[in-house]
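We call the chains A, B, C and D, going by the order they appear; numbering starts again at 1 in every chain.
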Amino acid sequence: MTLLQSAATQLLALSTGTLLVTAVLLVWRRSLGAAWRLLAVQGVALAALVLAIAVAEEDVELLGVAAIILVLKGVVLPLVLARGIAGTGVAREDAPLLNPTAGLVTVAGLTTVAYLVSRPITEGVGGAGGGQAGPAALSVPVGISMVLIGFLLLVTRRRALSQVVGFLVLDNGIATVGFLTAAGVPFVVELGVSFDVLLIALILAMLSGRMHAAVGATSVDEMTELRD
Amino acid sequence: MSDVLAQVVTLLVLLLQVAVMVALAPVVAGVTRQVRARVEGRAGAGVLQPWRDLRKLLAKRPVHATGTSWVTRAAPLLLVCSSLLVAALVPLVAADPLSLVPDDLFVVISVLLLGTVALALLGLDAGSAFGGMGSSRHMMISALVEPTVLMAVYALSIPVGSSTLSLIVTDRRDDPASIASPAGVLAVVALVVVVLAETGRLPVDNPATHLELTMVHEAMVLETSARDLAWVELGSWLRLTVLLGLVGNLVVPWGIATEPTLASVPLGVLAVVAKITVLAAVLGVAEVAMAKLRLFRVPELLAGSFLLAFLAVTASYLVA
Amino acid sequence: MTGLLVVPLAAALILGVAAVLPTSAGVVRWSGVAASAIVLACGVGLLGSAVPGGEVPDLGDGLLRADALSAFMLAMIGAVGVTATWGGLAPAGDPAVAPTNAERRYAALVCVFLGAMSLAVLTDNLGVLWVAVEATTIATAFLVGHHGTRRSIEAAWKYVVLGSVGVAIALLGVVLLYAAGRSAGEATLSWAVLSSGELPLDPGLVRVAVGLAVLGFATKAGLAPMHSWLPDAHSQAPAPVSGLMSGVLLAVAFYAILRVQVIADVVLGPGLVRGMLLVGGLGSLAVAAALVLRQRDYKRMLAYSSIEHMGLLAIGAAVGGPVALAAVLLHVLGHGLAKASLFVVAGRILAAQGSTRVADVRGLLARRPDLAIPYLAGMAALLGFPPFALFFSEVAIVVAGWQAGLGWAMGLALGLLLVLFAGLARATAAMLLGAPAADTAAADGEPAHAAADHPVDLAASRGPGVPIVLALAVTAVAGLLAVPIGTVLVRAAAAVGA
Amino acid sequence: MTLVAGGLLAQLVLAALAVVLAVSVPARRRALVAGTACATLAAAGAVTGALALGGGEGELRLTGALPLAPLVLAPDRLGGLFLLLAGTVGVLACLYAIGYVHGPAGSRSQWAALAVFLLGMQLVPSAGDVVAFLLAWELMAAASTVLVLADQARNPAAREAALWYAVMTHLSLVAILAGFAVLVGQTGGTGYGVLANTDPASGAAGVAFVLLVVGFGAKAGLVPLHVWLPRAHPEAPSHASALMSAVMVKMGVYGMLVVGLRLLPGGPTWWAVLLIALGAGSALYGILQASVASDVKRLLAYSTSENVGLMVLALGVALLLRGYDVPGPASTALIACLLLVVSHAAFKTTLFLGAGAILHATGERDLDRLGGLVHAMPWTAAAFGVAALGAAALPVTGGFAAEWALLQSLIAGVRPGDRVVAVAVPVALAVIALTAGLALLTFVKAYGIAFLARPRSEGAALAHEVPVTMRVATLAGAVLVVAVGVVPGPIATVLARAVGIAGARPVGLGGLELGGVGAVLDPVALSVLGLLVSAPVLVLAAVLARRRPRVTDVDGWGCGQIRTSPRMQYTATSYAEPLMRIFDDALQPTRDVEVTHVGESRYMAASVQYRQRVDDVVEVRAYAPLVAGANRLADRARGVQNGSIHRYLGFAFAALVLVLVVVAL
């Protein structure tokens, strides 16, 4: 086990930790300003994770992926979000359906669920010649819990943009799982996925802008005209 | 060849039977009235009065209300014809039916109903209020009578396993126990009730009433006159006579001729005439003792008789 | 033959680009129709080539691959596309006037949509399939929000959030499948390889992956409980888009489920997916039944009927086996065509009435037979009256279900179908029947306000009738044709292991 | 290609032709052209049916798009019988329609629907497998719904009726489909031949039987599934009502016959008991409602419910007695069932066509506003009268022969000692008896009030005899009614062969001898005897008629007062009043009396208004709550889709967590 390898393992642990922490913080913090910064941090951490795996796997293609991720999730998406926030001028997520305390407790619950349900995944990956998926596979629960936490944000936040945040966290979670289990999907697919995510984020930001401009609605609760 | 001959003889006996019944029918009406009169302390018009009435009616010119149709002309004839056919179908003188026209009780009943329907339509045709009233009541009663009749028939035919009257009668004659058996008794009682209802006697209908609102049979024939009325009356009397004869033969099945011989047929005639006359007298006496039921109490009476018939059926299941 | 794999994508792309470039009004108007027609042609061509045992056209080792099922779906996309786009043509404006940007964007997005759908059915790579399905979310998001009214924005928001989240779950599933393949020794997303049964895939992992993938694609397929976006999106989108979404998008998402199901059947056996599909299918039927019974809005009613039919498809897929799967595919075709025509007609009714409320539409049969009769025919098709194809497919699914020992589910489904029938019949009768006289205001309690955001536009209420007639005619005869439909169905069903 | 196969093919072609003509021919000639085309289609059906009934073989196969067994059209003898019925009634109805249709009933869609309807009804008994059967069944249902809607634009009742009908008929389809599916699941085939391999004793067979009985019962109008019948029959154009009531409803009976005799023979006793109970219930309830109905077509509809009840009851008795192997009475009951089918087809057709003629001539359907039509429309009066006799089961009509056979089977079907029979048979007999009595009253009322006495409304007073095609069709129907009654022997023999049993043979001049129970009915001989004994009376009457002509045109007896107005006559409502009182609890009429007094006086009434309405108790008590409950549930369910994206996301989230837990643990 070379030095580089062990460093990679360290980095992997560090980045996964950061990912989870940022996700939790996102549930805790209400300020949208904080939200996009945390999202940026999460993006960087994800990039770091990819880097670590790239090193561990000695996979050059992954380095490119890492770069893309750094740019996309670490910079572009947070900026899109920031612009959206500036556009609507709404700085705070006030009165989410779940207050932070309850939210954090729920997160704890979700994380345990994540750990429970990831067993087959870790076993499945670690089992048959998954190579040094060992440490990576073991941290799969982080990805799963990010997915769940992202979903939680989507369900509980009233502001249009905080729902976007939730969606991005969820997506980061999926990416995390992807890299931890399989060192990412094939490059072409990765490109497509990233492109789609970018577009979705843009559309959501644009729609929330329109929502604000045309309807004057900043909270999705005001959008209940379509009903039975 | 010989059985064709037998059929012809049977036919002749049947025609004789019909003739006897026609001759007897007005007398039966007369007997009941006379007995009533006597019991009530009146002199009475004599048993032949109905015959005189018929002759008088036949001599008159019929009068019809405006807007009446062919029904008014045809119905009386249809009624009397149906009664005649019934008189031919029921085993009264001889229990020896034609092979093609067995004296099937269902057929008998349906022919009777044909007459009933004719009468009901006759009541409606003139378009007067009373005719409709009588017709409606009449149909209501026969609608409720029918189940009882069929039930009674059913009870009577279970021992024989057939609805052929002559078989039933002979069977009862050959084994008198069945007459006294609970099933037999119940069935006959039920049958008597429906005979009274069907022929419009007390306590269901009062043939002697002159108050329109209490009428059933009379109300239907209010618009009928002259020979039409004669046919109607004859027809109704004929029904009464025949049904009384049937009851007589069911209760006292002796004397009826089983094969058409010169010895048995006259005996059969005498027997049935005797039975009918006795029953007519009994009926007369009974009617003095009874009062007419309110129209809407009639269903209760019929329901009662239906119950009897039903019990008869179940009883016959138990004994069989 | 492999050329046919590229043509639809290229055509859609070119036409889409052409629409946004400053081209003539004609190009903009007809681009969608042309794209669908090309897709249809390619689909038919591929079907012709898809002989049993013959080699499957393949390009870029599995990037593009068309077995009989793909070909069938491609043809279906084309047919429904033609119906929706052609039938939905706006009344021809003055060719001199250059089309507005909105019109150009609309045309381009329709082409993109068709291209993405074609890609989804033509690729063998589950990742690409996912990307294509997600791409349709993007395209349709703009189309749903096309009107730019408050309602359409709301619908678009719900659609994008719910849709993309759901599909994201599917991505997780796909990723895990990839992981399974990788740890089994071959890092691939090729459906052909994964479903071949040659890889020693880890059952536990595949179980999780399949569960998530089915759940995710079920969102796009509009199966309960992930269906919530559907009524809003369908009722707010322009009529042709509603038709495309209901007839094509749902079907393609369902196609994805079918593909995943095969992998699951190979690795795990039918249990898991069958259970999920049964729950989803019966749930969809229940939701549709409950909400159709008292539905006041006919576009939403059609949307719920789509949920109903997707539920039926799910049940059919759960039953499995050659009969049920062939029936499912026939149902996909019949439902797509009928529903597309109905949405187009509904769009015209909306243009004529200025309201989507059932109560505002009265005596249509007497006033506008040109709208009422196709609507009635389409409804008859959806309600499963013979000779329409849906009659045969429903009968076959139920019968096959009982043979597969799922009698309880079939009984339940039939009961719900009866309720749905009552609801749909009641609403349809209320719309079509009655006196031509304007007794509407008197007839219904609420004042018949023509909803403000729907201007009455009689010109737009008269559109081409040919596509509708064609679509319904095909639906009517499809169930009776052993050749070619029957053979095609059997081959396509065989492609997914039946 | 055998004759039968050719006939089947011909029907398909002719149906297509008829539809094309109906759509293409201009309104002026449409009735004649389309009507003729439809009549030809029906005639082809009748011929094919006769061939199949005579034992002709032949089948058409069609392979559909789905990998199921091919659709088979191959009528057996029983199917041939019903095909013959459908065709014959169809010819009469089409002939009638040529003169009858006017206004919306003569539109393109109506004629096209009539053609499809005929085809559907003729294919149902021809079908040889499940899918073909269901296909024809649905064609029949869809087309008949269109026919019910003929007058929808002007008449809200027609819309409501059509909706009820559509839903109930779909219920029937769903139940039948489920029932067949169970059998297919058992045997693995869709052909009747294969389905017959089911073991009747198995539980699945029981489920299938119940489902099928429900499905066919809903179509046959068995209580409590009859609610569509009294709504749809009055609203449809009369030729359509005739077809629906005389043929379409019978297809339900046909289905039960197929199930009971061909697919699941020898089922357990409770099947028979179920049929008997259903039949008895329908017969009683139907005739009760009919006896108090005053809308003539509603009356006829309920009477249909009654007659179908009797048929099902007869079938039940047959199955029951088979179970106790008393072959004679069992086969007699079966023959009675088929005789009922045939005779009912004849007289109900005539009655509905007659009712249509009344409607055509007077614009009235309400008996309370009719009267005196016998003068204006003697032909219709005669035909209606004969058919009414048939409906009242009086000699010498088919109705009588059928009921007589049924009673004979019950009389002979006595099995002392067996409890089921000991209860079922007497009860069945009692029901039949009461039904017969009420039917008598009902049809005396219908005929007497409509045709006799004096007109009760303007329309009735201005009535006129109807066009010749209508008259011909109606009279032809009446002739059939009598024919079945006069020569029951040969007919019953053919019917018995149609279900492959012995037990009936002709005797004398068209008489019927039921070998199984040793009973003879020879209507011809009966009539001859009747004429013979009544000859003197008739002669005397004739003589007197010449000697003493009648005096007419005097006022009727008005209780002493001279002027009597038609309004003083009994109406249908008052005619049934005594019955209404007796069966008050069963019918539960809603009455309300409004008395307006003179000034302050509490004793002097200026006017008294009395209203009485009889609703269908079953509908009010069973269906109304059901519908209300469903609507309430649906309204509550709207909350699921309340527009809040949080709730929607919540559903998705819950689903995700659930799936994760399920797949991972």
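Criterion: contacts are C-beta pairs under 8 Å (C-beta built on N, C-alpha and C of every residue); 3 or more make two chains touch, one makes a residue touch a chain.
From a predicted model like this one, the values you see are computed outputs, not experimental measurements.
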- Item | Most distant chain from subunit D by Cα centroid | A
- Chain with Cα centroid nearest the overall Cα mean is chain D
- Query: Between subunit A and subunit C, what is the gap in Å from one C-alpha centre to the other?
  - Reply: 31
- Message: Just the number, please: Cα centre separation of subunit C and subunit D in whole Å.
- Response: 43
- Message: Please tell me the distance, in whole Å, between the geometric centres of subunit B and subunit C computed from their C-alpha atoms.
- Response: 78
- Message: Taking the mean of the C-alpha atoms as each chain's centre, how many Å separate subunit A from subunit D?
- Response: 69
- Out of subunit A, which residues touch more than one other chain, so two or more? 117, 120-121, 151, 154, 163, 220, 223-226, 228
- Can you list the subunit C residues in contact with two or more other chains? 157-158, 161, 165, 207-208, 231, 291
- subunit B, residues touching no fewer than two other chains: none
- Item | All pairs of touching chains, each written as two labels joined by a dash | A-C, A-D, B-D, C-D
- Mind pulling up the subunit D residues that touch subunit B in the complex? 291, 371-372, 374-375, 389, 392-395, 400, 404, 407-408, 410-412, 414, 416, 422, 426, 429-430, 432-434, 436-438, 440-441, 444-445, 447-449, 452-454, 507-508, 511, 517-522, 525-526, 529-530, 532-534, 537-538, 540-541, 544, 548-559, 564, 566, 568-570, 574-579, 581-582
- Task: Would you mind writing out the residues of subunit C in touch with subunit D in their complex?
- Result: 157-158, 161-162, 165-166, 169, 207-208, 210-212, 215, 219, 225-226, 228-229, 231, 272, 276, 287, 290-291, 293-294, 322-323, 326-327, 330, 363, 365-366, 380, 385-387, 389, 391-393, 395-396, 398-399, 401-403, 405, 407, 410-411, 414-415, 417-419, 421-423, 425-426, 429, 433-436, 478-482, 485-486, 489-490
- Query: Which of the residues in subunit D end up touching subunit C in this complex?
  - Reply: 62-68, 130-131, 134-135, 138-139, 142, 149, 152-154, 156, 159, 162-163, 166-167, 170-171, 174, 177-178, 180-182, 184-185, 188, 190, 630-631, 633-635, 637-638, 640-641, 645, 647-649, 651-652, 654-656, 659-660, 662-664
- In their shared complex, subunit D is touched by residues of subunit A numbered 97, 113, 116-121, 144, 148, 151-152, 154-156, 163, 220-221, 223-228
- Task: Within their complex, state which residues of subunit B touch subunit D.
- Result: 14-15, 18, 58-71, 73, 77, 80-82, 84-85, 87-88, 98-102, 104, 106-107, 110-111, 113-114, 116-117, 120-121, 124-133, 135-137, 139-140, 142-151, 154, 157-158, 161-164, 212, 222-223, 226-227, 231, 295-296, 299, 306, 310, 313-314, 317, 320
